[in-house]
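As written, the chains take the letters A, B, C and D, and residue 1 is the first residue of each chain.
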Amino acid sequence: MAMRILDAIRNHDSRDGRLFDYTIISLILISIVTLSIETVPGLTKQTMLILRLTEVFITIVFTIEYLLRVAASEKKSRYIFSFYGIVDFIAILPFYLALGFDLRGLRAFRLFRLVRLLKLNRYSHAMDKFGKAVILVKEEVVLFLGATAILLFLSATGIYYFENTAQPENFQSIPHSLWWAVSTLSTVGYGDVYPITIAGKIFTFAILMIGLGIVAVPAGLVASALSEVRRNEKAEAGKDIKNKDTGAV
Amino acid sequence: MAMRILDAIRNHDSRDGRLFDYTIISLILISIVTLSIETVPGLTKQTMLILRLTEVFITIVFTIEYLLRVAASEKKSRYIFSFYGIVDFIAILPFYLALGFDLRGLRAFRLFRLVRLLKLNRYSHAMDKFGKAVILVKEEVVLFLGATAILLFLSATGIYYFENTAQPENFQSIPHSLWWAVSTLSTVGYGDVYPITIAGKIFTFAILMIGLGIVAVPAGLVASALSEVRRNEKAEAGKDIKNKDTGAV
Amino acid sequence: MAMRILDAIRNHDSRDGRLFDYTIISLILISIVTLSIETVPGLTKQTMLILRLTEVFITIVFTIEYLLRVAASEKKSRYIFSFYGIVDFIAILPFYLALGFDLRGLRAFRLFRLVRLLKLNRYSHAMDKFGKAVILVKEEVVLFLGATAILLFLSATGIYYFENTAQPENFQSIPHSLWWAVSTLSTVGYGDVYPITIAGKIFTFAILMIGLGIVAVPAGLVASALSEVRRNEKAEAGKDIKNKDTGAV
Amino acid sequence: MAMRILDAIRNHDSRDGRLFDYTIISLILISIVTLSIETVPGLTKQTMLILRLTEVFITIVFTIEYLLRVAASEKKSRYIFSFYGIVDFIAILPFYLALGFDLRGLRAFRLFRLVRLLKLNRYSHAMDKFGKAVILVKEEVVLFLGATAILLFLSATGIYYFENTAQPENFQSIPHSLWWAVSTLSTVGYGDVYPITIAGKIFTFAILMIGLGIVAVPAGLVASALSEVRRNEKAEAGKDIKNKDTGAV
């Protein structure tokens, strides 16, 4: 029995292993939803009790999982100080700390529960593909993020000089104007700050003409790199099959 | 005559078949437009009569179509319980149900008329290409939709902690803050909720830097996969022609 | 002299031809800017006189151009009833009609001056490449435009049922709700209409998840097709050079 | 010692050269941030002193850098009148000019400090790749920018005729309506101007259907060209390695 559990933890491809993995993923997601609902004001006492019990149950399961993982790893210290070891530990820590502390401090600790999302990472095979794609276009993406940063700054400086006199409230300094630059170049356009002078509007037009291209390119690059990674993997899979075929000769 | 009608239903490529198909498509679209206009307040009695008569006429045609399709299919039960069989049935059902019921219930039933749009699916050959493209990038699109969901949740949690004190109305809980996250990351930016604290604005900037990429990538992936499907189909068509050419030797 | 002018009109690649073309393009653009400035309220009498004189001058040049083109074409009637022949004629017609009519009717006629923009089409060689790319992805773009239309309609229907009771002003009927659907799915989000009920907000989220992909794909398709056309043209140019090289053997 | 400094300036790949480069880049960025913070109203005297001292320090370093670069270049006049020579000079000039002038004029001079950003260009190797990609799709991008300009103008003209009567404030002339066209076609949608008539709304829908494609295509073109440049460079690098391998025979 003990062997079977340890095996389920070690081996992701066995039937038990998959069952174990999906259980943990489900509990992570339920735990996050619980954290979210807890913030709704005016919950009934019953709802709060259910949420609290769910949280206690999940934390106990995660504690058992943590202890099992320590037991299952051959070199204990290696797992404990690995990335996932630390994440698994921080995911249960706030609960036990909160027991000893005043309840007022609980609120900030709850935020640490978000660390549990990082646990999801372990299970995502598709993330590898994404990682490869990012490495492929790393240099270009960094260039465009740099260009975006400089563009945001230039936009903020420009609009500050054009709109400062007309709207001293919204554009009181360059750092304040950055908010306008972010909301405009992302094309979100909340409508809380916008130019009202002719010069400011022409400047906005010029910035958008340049900016839309710069902001939208990285997404296109990642998409195109992902397609390339997919094609390469397919080509290699095809080669493997071919090698196997001819290998039998 | 009866044979010719049954043939028109079975064979989409014959002249009669195409005429039949286009008639049904037109009636589906007219039926949807009718449903839409019916909701306009202050219609004259005459307009309402015309809309009602159109609806009666279209439902009768669809009923005849349904009966013909049952007659045309070799195994009756197989068509009746197929996807399109059920869609065709639900598309006429509400009308007959409404005859028996009180008119007040009519309103909710009318919504079912939208099911008729699903009938359109049958006629779209281009949908196949799109289907193939989606299968090609299924894994990546699911990954990005998952990432979008997690990002939305993280954004809502973050903005809740930053803006809750300053705007308790708009950001009263994490589920409430999700509305802000949706409207911001989709870059719609209605302007009904937006951060006003410095921390909230910097957080918005960070979320947008990451989020714009994640949200825009799936569309790029589908576009690039569609191009690939198109090229593959062209290459295969080319091969077929070549084979025919050399086949004559 | 007469021969040289006729030659300049017929031959776009000669030095005179290019000079003639650029003159006409400049006059078209000036004419459009003039139309635009004329609408600014509170112009001085002097400005209005200059605008009027510019308009008279440009129309005279276009009239001469039209007569020359008629003279330069071998089959007169063929040019006159060709696409560009009609465009060239309509581009000067409103001016002469306005002379005979009451000045009040002038305003509507001025709009016809926009037809002059169509004259630009004649000079754009890059348009060919774009045309080829559109043909390449025509089927997919039409599919996505159709999907967009259906999605807009479904969104409007859905939001109407969710928001009608809460905001009878903004969502009074499905056709009225279409405005919300257009402004949301294009991600413009003016902020004049937005859902306020929980159900409406969740519906908006679902529609955006599906809609952003559908709306953004056609642009990606056109971009990818344009790249393909460019590569094909380059490959063919390469082949031509190769053929020339080996042709000398 | 003197030789070592001159060497650090000339040779970007040596250890000293890289250290020197990174120092200059950091100072440029600090200088820009300083300019930005200076505009915040209500700074304490101490903060302003620190900002002022930082500015003095950076300008002195840049002056020394300029003099060293003059010394390090073999043909003095060639560096001084080169692009970077002029940029380096303008980056320090305003400071010295401001010393001689009245302090009131200082504000406008400070803007020139932005020229320092151009100094960054020197260090960006990734910019080359971007430059190549832009050249590859230059013609198409110009075509789409032209189409965008014409579309903006047509949209402004259209909305002016539809909305002028209903909202004479916001759409008082075609040039004023251009602001609406910019904010709509970029999908920013601040919400300060939007159509309220039925005709205006239908027109907006039509313009967006066409416009979203046209505005989004250039970014896709640049992304796809960048991928092509990357692939070509990789292919050439592969060829070089192959040549080296076979070159030893």
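To be clear about the criterion, a residue touches a chain if its C-beta (ideal position, glycine included) is under 8 Å from a C-beta of that chain, and two chains touch if they have at least 3 such contacts.
Treat the numbers as computed from the prediction; the structure is a model and nothing was measured.
Chains that touch both subunit A and subunit D: B, C. Interface repeat of A-D: among A-B, A-C or B-D, over half of the contact pairs recur, by residue number, only in A-B. Here the C-alpha atoms of subunit B line up with those of subunit C after a rotation of 90°, rounded in steps of 5.
Here the spacing of subunit C and subunit D, counted between their Cα centres, is 30 Å. The distance from the centre of subunit A to the centre of subunit C, each centre being the mean of the chain's C-alpha atoms, comes to 42 Å. The multi-chain contact residues of subunit B, meaning those touching 2 or more other chains, are 187-191, 216, 219-220, 223-224. Interface residues of subunit C facing subunit A in the complex, by the touch rule stated above, are 187-191, 220, 223.
Residues of subunit B that touch subunit C in their complex: 32, 35-37, 39-41, 111, 114, 117, 120, 124, 126-127, 129-130, 145, 148, 178-179, 182-183, 186-192, 215-216, 218-220, 222-224, 226-227, 230-231.
Within the complex formed with subunit B, the subunit C residues making contact are 136-137, 139-140, 142-143, 150, 153-154, 156-157, 160-161, 172-176, 184, 187-191, 194, 201, 204-205, 208-209, 212-213, 216-217, 219-221, 223-225, 228.
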